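Here's the structure we're looking at; comments come further down.
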Amino acid sequence: MSTPFPWQEPPADCELPIWRYTRNPIINRNPFPGVAKIYNSAVTPFDGAYAGVFRAEYRTGMSHLHVGRSADGIHWDFAPAPIPVTAGADEPAFDYGYDPRLCRVGEEYFITWCNGYHGPTIGLASTRDFKNFTQLENAFLPCNRNGVLFPRKINGHYAILSRPSDQGHTPFGDIFYSVSPDLTHWGQHRFVMGAGPEWWQAKKIGAGPNPIETPAGWLLIYHGVCGTCNGFIYSAGLALLDLERPWHVIKRCPGYIMAPEEPYEVTGSVPNVAFPSSALVDAATGRVAFYYGAADTVTGLAFSTVDRLLDYVNTHGK
Amino acid sequence: MSTPFPWQEPPADCELPIWRYTRNPIINRNPFPGVAKIYNSAVTPFDGAYAGVFRAEYRTGMSHLHVGRSADGIHWDFAPAPIPVTAGADEPAFDYGYDPRLCRVGEEYFITWCNGYHGPTIGLASTRDFKNFTQLENAFLPCNRNGVLFPRKINGHYAILSRPSDQGHTPFGDIFYSVSPDLTHWGQHRFVMGAGPEWWQAKKIGAGPNPIETPAGWLLIYHGVCGTCNGFIYSAGLALLDLERPWHVIKRCPGYIMAPEEPYEVTGSVPNVAFPSSALVDAATGRVAFYYGAADTVTGLAFSTVDRLLDYVNTHGK
Amino acid sequence: MSTPFPWQEPPADCELPIWRYTRNPIINRNPFPGVAKIYNSAVTPFDGAYAGVFRAEYRTGMSHLHVGRSADGIHWDFAPAPIPVTAGADEPAFDYGYDPRLCRVGEEYFITWCNGYHGPTIGLASTRDFKNFTQLENAFLPCNRNGVLFPRKINGHYAILSRPSDQGHTPFGDIFYSVSPDLTHWGQHRFVMGAGPEWWQAKKIGAGPNPIETPAGWLLIYHGVCGTCNGFIYSAGLALLDLERPWHVIKRCPGYIMAPEEPYEVTGSVPNVAFPSSALVDAATGRVAFYYGAADTVTGLAFSTVDRLLDYVNTHGK
Amino acid sequence: MSTPFPWQEPPADCELPIWRYTRNPIINRNPFPGVAKIYNSAVTPFDGAYAGVFRAEYRTGMSHLHVGRSADGIHWDFAPAPIPVTAGADEPAFDYGYDPRLCRVGEEYFITWCNGYHGPTIGLASTRDFKNFTQLENAFLPCNRNGVLFPRKINGHYAILSRPSDQGHTPFGDIFYSVSPDLTHWGQHRFVMGAGPEWWQAKKIGAGPNPIETPAGWLLIYHGVCGTCNGFIYSAGLALLDLERPWHVIKRCPGYIMAPEEPYEVTGSVPNVAFPSSALVDAATGRVAFYYGAADTVTGLAFSTVDRLLDYVNTHGK
Amino acid sequence: MSTPFPWQEPPADCELPIWRYTRNPIINRNPFPGVAKIYNSAVTPFDGAYAGVFRAEYRTGMSHLHVGRSADGIHWDFAPAPIPVTAGADEPAFDYGYDPRLCRVGEEYFITWCNGYHGPTIGLASTRDFKNFTQLENAFLPCNRNGVLFPRKINGHYAILSRPSDQGHTPFGDIFYSVSPDLTHWGQHRFVMGAGPEWWQAKKIGAGPNPIETPAGWLLIYHGVCGTCNGFIYSAGLALLDLERPWHVIKRCPGYIMAPEEPYEVTGSVPNVAFPSSALVDAATGRVAFYYGAADTVTGLAFSTVDRLLDYVNTHGK
Amino acid sequence: MSTPFPWQEPPADCELPIWRYTRNPIINRNPFPGVAKIYNSAVTPFDGAYAGVFRAEYRTGMSHLHVGRSADGIHWDFAPAPIPVTAGADEPAFDYGYDPRLCRVGEEYFITWCNGYHGPTIGLASTRDFKNFTQLENAFLPCNRNGVLFPRKINGHYAILSRPSDQGHTPFGDIFYSVSPDLTHWGQHRFVMGAGPEWWQAKKIGAGPNPIETPAGWLLIYHGVCGTCNGFIYSAGLALLDLERPWHVIKRCPGYIMAPEEPYEVTGSVPNVAFPSSALVDAATGRVAFYYGAADTVTGLAFSTVDRLLDYVNTHGK
């Protein structure tokens, strides 16, 4: 019997290519003892069910990465202790982790996350069983955030998107592409796309879930951020990248495909945040389930299909 | 049969001179395809019904001006394309429009709005049928916002209120009065009133609906803005200006007459915004219907009467 | 017959040592004519019932201090006029007051509040009947906020906590301890504890209710503030101070004990504020009732017991 | 006998089209009792000699406009009292003046300056004898600086360049063109040119002396400003504007034509400022004498010829 | 034989009441091994010669207080080690000191300085021999700078001027007056005078040398600071305070009496600083010698007489 | 005959381990046509003389890299056109270059510089003849500055120091170490040392000349920056790094070894900058000649010896 895929059909009047799960949020405040919130997290099919790496924000306000397991992708059980990622001798030691992404490349699952090393940078670790984790070298110098791997090697190299940033709330941010022969040394940095010109993404942008491979290119869901006088608004955008030269943007939608509108998105610790960070794709049906952090407070689920996304980016993208 | 005037009687315990429509907001998110929000807009009686010019914020985050029509002032139909305002040869070209005001002077209807020309400034256009629009010269150098015409000439000149500003969120702002013999050249600039001293309007102020003429003076509803550590709060204030020398403030209420309190005002893209931008006045009854943007997200309706406003400003104003 | 103490038993699954009153907020918006909000206020048992000093924010946005009376600590009647605190000849004159604290020392009740004198500083006044108030010298030079007295002399001196600040929203703030032989001259300033290192209190901290004396030390509830890209979040923390040398921190909890979560805390004029400012302690039972401002908009009530607080700070504190 | 024109031949190796007077500064610190500095001022031929309007900075730091007279354009006598510009009844009253320009149009001499009226704006006054001055309406709403008239009407209208700004040090600034039929009402605002793209003028630009008419167009000397980690640098640039449509830029030099290099330019109250504000042109020889403020402290003189300037802007401009 | 008093007669054309020593600076860069600069320091007659406490900035950039001795007030020998001020048990420990003042009250000499204790505050120490120093409690909570004692008790209390500030470069600052019965507890805080309205002192002001007692009142030399686009300018101002109620300002000069003009004042580590910090008064002749820091780099000397200062403040003050 | 090495003996009283060339600056303003300034540049012995890569700031304010040649290391001839570094097909294109370093590794000379690619980053190019240059991939993602190579491989990898920064004036900055097997992919990022704690280097630090190898470790001259109210001060510091693990700091001097003091260092376009960027070492004598930019305006020369530097860092370092 196959693993159940989280899914709801779109509402009848669904104008945008993405629709929310009607029972959102799927992970509420205070999900387990000591933890205030889980959001901006990442999941993957694993061993006939689902596994995930979650940004668990403790009551101290610090975030740590916890493993979660789920049979249906909706109801999750969390490990009470954070993932034991430990630097080797003479390697950087780390003190926090947030906004993880999760990517299977070959037989291994790689976690990338925002890692503290004299500023935020891209941490990297691998696992095969979600019990034992091997930490690799940080991919970049600080400051960097939103490091997102591609799910296969491209031209023989591992490939990653990232967003150079600063120590703070970072009022700027563009997406770059870099590659590595060995997951330790990175180079051939290419600019992919930048903030703006549209207002909803005028402040900064950053990659969301791992790019979804299609014959037409990599589907990239990303967050775009604008600044109002009462703070930032994080929405989700859609672009299509060239398969072999992903820094070539084939299409990019000028409008967002999801903006914070629901009560659990417009209120919370950081009002007006919808932050997509992971996607499941059902190869047989083309169904896609997105996981996104809402208001830096809870976790929501939204749906689409590969065809709808492709159709939308082709129709609306420039 | 006369045009129905949007109206509700005040609640029994109505302490302030303005009360909200109980079925607010009248224009919700996603009002028509491609448009995310309509707010900060302006209406007028027209041809036995109502016409309006609406700030329609697209999913790109850019705002454009759309015409709307309504039989009752509450339910609106919107034109799917923006108003075709086009600069003449060798005149400034524009790229966006927001926060429109609408003012009948004589037989013509004038739209003023925040127009993009090397910074925000006051755009000006006229129409007689809400189908054909003639764009005039911008009234001022950038940066300026909240240009609001008076509904008749004063001392033989067109008259306007405006608020010089900056390129950004503008942490300052006073109201000035200027006149023009020809709607092209403007001068005789006079300071009307400034931000503060009360805290709710300590950051900046700007004119709201077109001033309402009464024998006692011009009733001016305006927005006052204060800054908290989590952003600005936009409330509505009330003042009475001299009829022939409107830069003379006869009375000004130290307290606001409406502040964001309802769920649709305190949450949204810009929480805590109640932005009055238009008023209908029923000459026979003295009833007033205010249109206001809420949280830069939706449009609300509120009511008062000329007598209540005059009585309030006389009683509470200084 | 004894005075009823405001109280609710904790919910069954209460993980934190503090729980909210289920009928919060106890003081809603527009509590009495002319006043928009009451929050960040202070109460005390008095004359077989309860008296309080309340931050009443007028529609002008200015705050003034009003006396309130209550038979049950939950339902309050407010004086329509502010407390008549008047400076003596050749003494500083004041123009506003906010965030009052209330402390009985001996037979007198002392109000401390944020007082305007060339910047915010700590105002001080005494009363025995909540009708006649004697204003004393300001305790400190500007700028200072959150002055909180101890309920008895320590080593023969009056003792106070305060938080030096700046003229604005103050992106920093530590708690200091000072003493006075005469309530006029203050000195022997000692650093008690500072902002951070945990994120929820990384921006600034300030004392909340008057410290609660226990054999193990003074229980201090305080507010901790962090800054997100959409503004500050005010939460409540817990520490235990040495009885005779209160600038020695015995224990301090790394996690908050209450953070803004309820609708009336996460939305309002300043979203995401839970600001504890007063506590009643029932000596017989050890029950504690906390009053806190929510979102700078309404007043809430929360409960605990001395034993639970002590146990929590001993278990979780460092 | 003709009026002597201030002049020195260029040094032999003069690469740039402008060269300094070797006995600069011509007006030093403390030029007459009570006045600390004279800089950023303007002169004109008048009555067989020279007259000027000077920014005199008092020891209070406030600047006022004083008339000066000179037989040779180099040695100046200053009126001990400021120019008596007085607003009419019900007109704006002013409290300071700085950075004056001086322009003869027809038989009248017009002063434009930075005038205080709820922010800096463009003051305007006329004189025929440098004794009696008639103040006109301010040309624009605040905030605006560097208002510079053209020396003749263009298309039947008075014409002015100005630079909208803010209340403070203004980190932006472009040059606009506006016209007036009556010196009271202004309109038909046109963007002329903006800051950048070259680094020396990347922060802001503003018109300097009145444009110099040539058959090929208006020669415009302007200041360009860049921002270093240690403050702004003000240099001088050169452009050529269309004669009848001066908002059309025919040529603009990518490099500056004078940058602060001399000790009296790189040190002073505002280091690194060379601010050209006036020019004399000798019609017979084409000689040009520029007056410029140096370091907001002293006044310098520099020379060129119309032919050299035209040749340079044609050769180097884009 | 009497101690020589440092002195030069004024230049013939001396318009202002203060004139510089012609051989300034008296203490140059690199004054003794390990020390980069000495500036902003204080001196006093002592034991038939002069003693002083100097801000010595080490090559680390940290400042420490060193004793200096001089026979003529011009040539100084410095102790190689800093003053051993040591906090008592359970008292604040300090880590740096700058901008000292020195004041004899009765038989004791008191040093006040900017002391590091969780932010800058006013350190206080006493000595009778300039060898043994007793450190007292800090006078105020942080942040505070420029604490300047009066040279006698007033109304039976020690009296001090100070300027509440912030942790950084402090863009604000007014002078306050406080008193103490015991040099430990301070209170009765009174506002003396604030920044502005004149531009040269529009940003902040702070007391300079100890006030000089005259029958007409206390002569106060203070620094006033304005902000240009290229940084702050520190000049010196003059005021006359009431003898017994020094927070009453009798006269205050609208213009500065000394501004940075000399090369050693307009260049250095902090260009454009003239910072008076100490004064010697010759009782027999009324001569006054001022010591001032120049450009945070060197130490200068300037002269006046009590009569000239009194005459100037009476003539020019308001 | 050997190449003359630029050299002067130290002055008699030289307390610090570095002393200036008495005929500084060696490259003045306006060094050749079209170029305003040369500073922050790098040199190397080459072909029996000296070659260098120079930051030439044009009159546009843009900086480009020019080759220079010199027989004595003091008098330089510059190529009139910038170095032709050209990106390959599908590689980043660049538009400016500044602050070059120059490092021989094996038979090749490598230039690293601040390269414009969506923000400043580390450009890399190689040459063998100073005529033909091969541009390599940028070493890092933007934003980064002050990339400085080691003059030999370490543990088989190329090694570089760099300082992650931001788009602007960057108020922070630490030195990191990274390695590469192929000069294209970089990783194993290690923190070397950070800004502070001493004030002169409290804001940011960055590597200067290429590290100088000695048996005791790598001698690293670097710049340290502090922030005053009037801008940044750039001084030079000294540290000793472990030979094989250069991110291990053996010793670091708490005080600077050179700070801006000379007129050509404290005035200029960016006052108070002494920026060491290159060093020549005479193997036979141990003499060292440093090249440094002064005030972002001119180029100076300073001297030391390897023994003096080692002795100083061993004696004064921590």
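Letters are used for the chains, namely A, B, C, D, E and F, taken in the order the chains are written, and counting of residues starts over at 1 for each.
Note that in this section a contact is a pair of C-beta atoms (placed from the backbone, for glycine too) under 8 Å apart; a residue touches a chain by one contact, two chains touch by 3 or more.
Please read these numbers as outputs of a predicted model, since none were measured by experiment.
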| item | value |
| --- | --- |
| Shared chain contacts [subunit A and subunit B, defined touch] | C |
| Rotation in the CA alignment of subunit B with subunit C, degrees, nearest 5 | 120 |
| Euclidean distance of C-alpha centroids - subunit C vs subunit E, Å | 39 |
| Where subunit A and subunit D are represented by their mean Cα positions, the distance between them in whole Å | 55 |
| Residue numbers of subunit D (touch at least two other chains) | 230-231, 267, 271-272 |
| Complete list of chain pairs which touch one another | A-B, A-C, A-F, B-C, B-D, C-E, D-E, D-F, E-F |
| Interfacial residue positions of subunit B with respect to subunit D in the complex | 90, 92, 117-119, 121, 137-144, 162, 164, 166-167, 172, 174, 176, 178-182, 184-191, 194, 245 |
| Of all residues in subunit A, those that touch subunit C in their complex | 29-30, 33-34, 36, 58-62, 169, 230-232, 267-272, 296 |
| List of subunit A residues in touch with subunit B within their complex | 15, 198-202, 226, 228-231, 233, 254-256, 259, 261, 263, 266-267, 271-272 |
